[in-house]
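The two complexes that follow have chain A in common; it is paired with chain B in the first and with chain C in the second.
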Partner chain A sequence: MQISRRSVLAASAAAATGIGAAACGAGGEMDPEEPVDLEADESTLSGAISLLTPDFVGDARAPLDEEIIAPFTERTGVSVSVDQVDWNKLNEKISTGIAGGIIADLIMTGVGWTQPFAEKGIFAEIPADFIESLGFDESVLVSTRFEGKYYSLPQALDLRFLGYHPEAFAAKGIEEPPATMDELAEIALELTGDGMVGLDYLSGSAGSARQAFVFLLYAFGGRMFSEDGMTPMLHEEPGRLALQWMLDRMAEGSINYDLRAAEGQPSPFQQKKAAMSLVATGNWVTWSQMSPELCEDGAVGLFLMPPGAGGDPVMFQGGTFISISSLSKNKDAAGAFMKHMLDPEYLGIGNSAMGKVPPTPDIPPDEEIESNALTQFGLENLPYAGATEGGSAAYMEVRTNLDGIVESCLTGKSSVPATLEDMKALCDGAISRI
Partner chain B sequence: MATDTLTPALPRTDPSASGRTTSMRRQKRLGATAILVFLILSSLLMAAPFLWMALSSIRDPTELAQVPMPLIPQDLRLENYTDALARAPFATYARNSLILATAAAVLNVAFGSACGYALAKLRFRLAPAVFGWMVACIMIPFYATVIPVFLMVRHMPLFGGNSILGAGGTGWIDTWWALIVPGAISPFMVFLFRQFYVTTPSELIEAARLDGVSEFGIYARIMTPLIKPGLLTVALLSFEAGWNNFLWPLLVTTSDNLRVIQVGIASFRQEASTDWHLLMAGTTMAAVPMIILFLVFQRYFVDGFAASGIK
Partner chain C sequence: MSTSTHPTPPPADAPAAHRAPVPRRSTVRAAEKRWGLLLAAPATLHTLLWIGVPIVVAIVLSFTAYDIIHPPEFAGLENYATIFTDGLFWRSVWHNVLIAAIGIPISMLLALVFATLLNRALPGRGVFRVMVFLPHITATVAVAMIWLWIYNPSENGLMNIILGVIGIGPLPFLTDPDLALGAVILVTIWQGIGLKMLIYLAALQGVDGQLYEAADIDGANFVQKFHRITVPMLRPATFFILITSLIANFQTFDLIYILTEGGPANSTSVVTYRIYQTAFQEFRVGLANAQSVILLLILIVLAFLSRRIVGGTDGD
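This part shows the complex of A and B:
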C-alpha cells in the first residue's frame, strides 16, 4: 500500500482530534459532589493546597505568609501556595481555570460573585452549622448564600458610608448629620457654594457609578433581585427614586458630575472641595499617606446613608469572601485552612495588614484596626451593612454592563424610564442565559 | 559688449532682487524655526507622560497629594525605588520578563522569518490561502483565543503529570513552556517578514540555486541578511510584547518565581488605594530597558517600519 502525503496528513489530523477529544473527556480525580468535612481531624490532613486571592497585595503579603499560613502549615503539615491576582483580572483567572478544570482549592472573590460561581458548581457548599457557630451578623452573610445554602464566608470587608468636614457643617450651623434622604439633599444644597460642592458622590473615590446607584437603591428600600435571584427588581420604584435623587442633586449643583480628581491626586473631599462625600473604609490608607490631617481625631464626621423610605439607615458592603473549590482534590485541608483564616486571631492579622474591616468585631485587640476611624465606624454599624451588589447567578454578566447604563442616565444620554428599562433588559437577558 | 552679456553681477546690483532673496531666506528660516518649535512642542507633549512618571517616581507621597502638584519634585525621594524593590521580588520578576522577552524575540525572528520567506518567495499552490489565513488571524483578538490556548497548554500530553491523552495533571501550567511557547510565533510577525521578503530581488534566489546553494542556505545566507531592519523590527516588537505581557503570564502561572515584572507592578494597586510613588518607581524601572533598546536601535526600527509599509 502506498502512503501519500495527503493520507499522512489526514491520519495525523484524525489522531490529533481523537487525542484532543479523549483528553477533554477524560475525568480528573476530583469529585465535585464530595462534601467538605470541617470536622476532619487535623492530624489526618496532608498534602498541599492553593489559595487564589486578589488581596494580601504588597506589604500585606508577608503577614499572610508568615503569620497566617506558617502557623497552619506547622500545625497540620499542609503546605499552602498563594496565587495572588489583581482584582481586575480575577474573573479571567477563575474562568480560564474553570475551563481548564484546574483551579485553586480556596478562592477569594467579591460580594456578588458567590451566586454565579455556586450556580456553576465551582464552589463547594459550606456546612451551615459551622457558619452559625461563627456568630457573624446576618448582614455579612446575605451574599454568601445561593438557593438557601452557604457557599462562601466573609474574610475582609470594605464598607461605604458618608463622611463630612465638621468645620463645613459648623460654618453653616448644621449640628447633626441628616436623618433622611430629604435632609441629606437639603444639607448638600446648603453646603454648596464658595467653591465647595455639597456632596461628592460620583467622583469614583469610593466606588463606581454602579455602586453609587446600588447604595441609593437600598437606601430607598429597594433591592437588585428577588430572593431566588431570577427576577430583577432594580428597575422598580426605589430604582427610579435612586436615579432621580442623583439627577435632582446634579441639577441643583449639590452633586457635580464633573468634579473628579486626576489619577493619583487626592479626592475632592480630601482637597476640601466637597463638604460631604461617599467614603470607603479602604480610603484610610490613602488618607494616611496623602492627607494625614484627615486621620486626626474628629477631623472627619461619619454617618450612614439615611433611609429614603423610612426604616433604618444603610451601609454599602463590599469585601472579599472565601470559598472552597468543589474541584479541590484536598477539600478537607482546604476546609481546615478556611476555618483557620476565619479564626478571630487570624482575621485580625489579615485585616490589620490589608487595612480592611473584619467581618466581626469580636477579634483580639489590634492597634492598627483600633486606630482606623473608618474601620471602627464600620464595625460599630455592621448590622446596617445591608446594601450589597448581586443576589443572582447572572450577576457577573450584569455587573460590568450596569456601569455604562447608570453613566448614560447621569450624563443625560438616557432618561430615567429608559435607563430602568435598559437595566431590566440587561438583567432579563443575563438571567435567561443561566 | 560680450562682457556685459556674460556678467553674472546683475542680480547683485538689483536692490529689489537682493531684497527678494533675503526675504526668501528669512521665510525659509522662519519656516524652519516654526517647524522646529512645533517638533519640540510635539516631542515634549509625547514625552510628558514619561517625564511625569519619572518625576513622580522620586516624589514624596504627600507631595503627590498637593494641589497643584509642583512640577519639579521638592524633596528627592530615591528610597521610593528601594521601597518598591523591597515590596515585591522585582529581581526575580525582571529576570523572568527578560527571559520571556528574549525568547519571544529570538523565536519570533526564527519562525516568523522562515514563514514569511516561504510565503513571499516559495511557490506553492496554497501560498495565497495561507497568507490570507495569516492576515485573518491578525484580526482575532487575544481575548478570543485565551481559553482555547489555555486548554491546549493545560492538556499538553506527557507534561505536568498528564497522560498521553493530556489528562490527569496540569500540563504546562505554571511552567516556562506555558509562558514561552504560545508567544513563539505571531501571525503579525509573519506578515511583517513576508512584506520585507517581497521587496528583495528574486533573481538572487535563482542565481544562488544555479550556484548550488541549498534552499535553507538561500533563506539563511542570501535573503535574510538583506532584511536586517526587518529582523530588528520584529525582534524589538516581540521583545516589547514579551516584556509588557501581563494577562497571559498571570493566567498560566501560579507561583511567584514565574511571575513577570508587569504582574509585580500591579501589586502597588490595591482594591481601594494605590501607592502612586511606588507604582511610578516600579513603572520607571520597567520602562527603562525598553527605552534604552529603542534609543539604541531607533534608526533600524524606523527604517523597518518604513520599509514594510506599515508606518
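This part shows the complex of A and C:
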C-alpha cells in the first residue's frame, strides 16, 4: 500500500471525526424538561439508577444497602448504585458529573443548595401535591423551593445548638444556661481557664467559619438574602454584630480559633478541653463510639443559641435534601426510589443509622432515635430551626468564597467593615450572574 | 562505513549513454519527507488531539460565559477584565511565586548537597539515595495525609512534639494564615528534593574526572573546584531542574487540595486551586479558562526568564 500525504491526512481526519462523534454522542438522549412522574406503576419500572450522597458514611452504609435499597430492588427490580462523596467535595462531584455526562439520577445535597441547582436546571421539579401529601412541617420545606416550585425534599436534618458539661457549670456555680448573647459571653469567659476554653465554637460541629457566622447572623436577627434571593443582607448590622461577637470572645480567650482536633480525634468538647460547644445532632454517633460517657443521662446539657436582639432563641438547620436529576434517563424509577426513601419506615432507618433528625416526627418507634438525646432535643425545638444557609440561586458561588472572607476577619487579616464590604461585593457579583 | 543514501554521481567525463539513471533530487526529498511525516504522525496526532485541541478550546472558551450546563455565550474580553480585578486570583499567583522563590532554590541547594555527598563512595549510599528519592515517588495524597499528622495543631502533632522539647508551641501550622504558607513550602521542599537530587547525581556522574585532576594539579581547593568546574558543568541540569520545578510549582494542586483547601483565609490558595474553584465550585468555566490562559502566559514568561538567567541548556 502506498502512503501519500493525502491518505495520511484523510485517515487523521477520519479518526478525529470518529473521536469527536463518539465524544459528542456520549451524553445520550435526555429531556431535561421531562416531569417526574411519581404516580408511575412500579411494575413498569426497570433498569438501574444511581444515588449520589454525602451521607451514609462508614457504619451507616450497611443499613442503606441492606435495609433501604434491598427492599426497593426486590419490589421493583430496579437496581440502585450508590456513589458516596464527602460533603466538602459534593459540589465538585456534581459539576464534574454534569461536565462528564455522568450525573447521578438522585442527588442528595444540603440546605441552600436547591435554589442554585434548580436555577441551573439540574434538579427536576417535584409535584407539589406529592409533597403536600407528606405532611412535613413548613419549617423544613422552606429550603426546598425555587420560584414557588419544589425541587427537593428533606431526607434528614442536622440541627445545631449548644452543649455544656454540667460539672463545669456546677464548679462555677452556674445554674442555668444563658438566655441572651451577653450572658453566653459572660459564662464563656467565666468558664475559661485552667486548660479549659469556655466555648468551642469554631471547630468540629460548626462545620466551617462560614456556618459559624451564619448561625450568629440569625441569632442577631439577620438573614443572608432578601426574600427573593436577589439582595444580600448578610453585610448589614446583624452581620457586623455576629463578626464582632466572635472577635470579642477570641480577644478574651473564651473562643480559641486554633483549638482544633486532628482528623479522627475526639473534639475538644469530648476531651473536656471546652466547657461549652456547638453541637450537631450528628455528633451522637461519634460520641457513642468515641466518648460513650457523654451519651449517659445528664452527661451533657443542651440549650439553643440565645437571641442577640430580643425575640426567640435560634437553632441552625442543616440537613440532607434529596433531588431528582433533570438529566436522569430513568426519572420514573428515580422518583419511585425517592418516594421509597421518604416512606416513614425508611426515613426512620436512614436517620437512625446516621444519627440525624427525621424531617417529620411521624415515623415508627425507633429505639436508636428515641435514645438519641441530641435528636430528641432537635425534634422538640424544631420550630426554632430558622437559621439556614442559602436563600438565593447565587448561593453556591457565595458559599465557595464566604469561608475565606470570614476566616480573614477571624484571623485579623481583614477588619469587620472590610469583611462586610467583601461579603456584599461577593454576593452582588454572584447575583449579577444569575 | 558510509551509510549515505545519495547515489555516487558518475564521472563528469563519462559518455552520456553509459550514465546510470539518477533519481531527481526533488523526488528523493519528497519520499524522505513523506516517511518523515508518517513517522512523526503518531506524536503529532497525539500532540494535536491532547494538547493542541484543549489549548485552542481553552482559549476559545476564555472569551465566553459558560457554566457547564448552558451553551457558552460570547463574552468578549469580560473574563480577562474580571481577572485583572480579581484580588484572590492574583493573591493565588503571588502564593505560587512565593512557593517558587523560597521553595525551589532551597530544594535545589539541598538536592545539590545531597547529590554531591551521595556521589562519593560512602557506605550505604544506595539506601540514602532511596530515602531521599522516596518522597518524590510517594503519592501526594499520602504525603499530604502524613504532613497533616505532622502539623497536627495539638501537642500530639510530630512537629509540635519536637518544638515542645525546646519549649515552643504548640503552633497551629495549618490554621494560622501567617504560618500556613510556610508549612506548605516546607512540604514542597521535602517532596521536591528527591527528583532534583537524582538529576544532579546523573549530571555529576557525567562530569569528566580529568577536569578535577587538572584542577588538582593547578592546586585548586574543594571550593574552587566546586565553583569553577562542578557548577558550570551542572548548568544544563540546573536549567532543566529550574524550568521543570517552576512548571510543577505552578501546577501544584493535590497538595493544597488535601492539606489546606486554600485556607485559612485563602492564605494558601494557589493558581490551579483557584482555577478549580472557579470552574467546579462557582461554575464559571469561561472565567476559569481565561485564568488558565493567563497561567500559560505566566509559565511562558518564566521559562524565558529562567533561560536568560541560567543561560539555557548549552552548558557554556
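In this text, the second predicted complex is superposed on the first by the 398 of 434 C-alpha atoms of A that agree within 3 Å, B and C clash if a C-alpha of one lies under 4 Å from a C-alpha of the other, contacts with A are read in each partner's own complex, and residues count from 1 in each chain.
One rule holds in what follows: contacts are C-beta pairs under 8 Å (C-beta built on N, C-alpha and C of every residue); 3 or more make two chains touch, one makes a residue touch a chain.
All figures in this text were calculated on a predicted structure; none of them were measured in a lab.
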Original post:
Just chain B (first), just chain C (second), both, or neither: which does A:Tyr257 touch?
Top reply: second
Original post:
Is A:Thr96 in contact with chain B, with chain C, with both, or with neither (first, second, both, neither)?
Top reply: both
Original post:
Who does A:Asn401 touch here: chain B (first), chain C (second), both, or neither?
Top reply: second
**OP:** May I ask you to decide whether A:Ile122 touches chain B, chain C, both, or neither, giving the answer as first, second, both or neither?
**Re:** second
Original post:
Of the two partner chains, chain B (first) and chain C (second), which one does A:Gly173 touch, if any: first, second, both, or neither?
Top reply: neither
**OP:** Scan A:Gly58 for contacts with chain B and chain C and give back first, second, both or neither.
**Re:** first
**OP:** Between chain B and chain C, point out the one touching more chain A residues.
**Re:** B
**OP:** Identify the partner contact of A:Lys413: answer first if only chain B is touched, second if only chain C is, both if each is, neither if none is.
**Re:** second
Original post:
Which residues would you name on chain A as touching chain B in one complex and chain C in the other?
Top reply: 19, 92, 95-96, 99, 265
**OP:** Spell out the residues on chain B that touch chain A in their complex, using ranges where they run on.
**Re:** 56, 61-62, 64-65, 67, 69, 87-88, 146-147, 150-151, 154-155, 157, 162-168, 170, 173, 247, 250-251, 254-256, 263, 266-276, 278
Subject >> Complex contacts: residues of chain A adjacent to chain B >> reply: 19-20, 22-24, 26-29, 50, 54-55, 57-59, 61, 81-87, 89, 92-93, 95-96, 99-102, 104, 158, 206, 264-266, 270-271, 280-283, 285-286, 289-292, 318, 354-355
Original post:
Of all residues in chain A, which touch chain C in the complex?
Top reply: 3-5, 8, 12, 15-16, 19, 88, 91-92, 95-96, 98-99, 120-122, 257-258, 260-263, 265, 396-397, 399-401, 403-404, 407-408, 410-411, 413-414, 430, 433
Original post:
Which residues of chain C touch chain A in the complex?
Top reply: 34, 37-38, 41, 45, 49, 65, 67-70, 88, 148-149, 152-154, 156-157, 172, 175-177, 261-267, 269, 276-277, 279-284
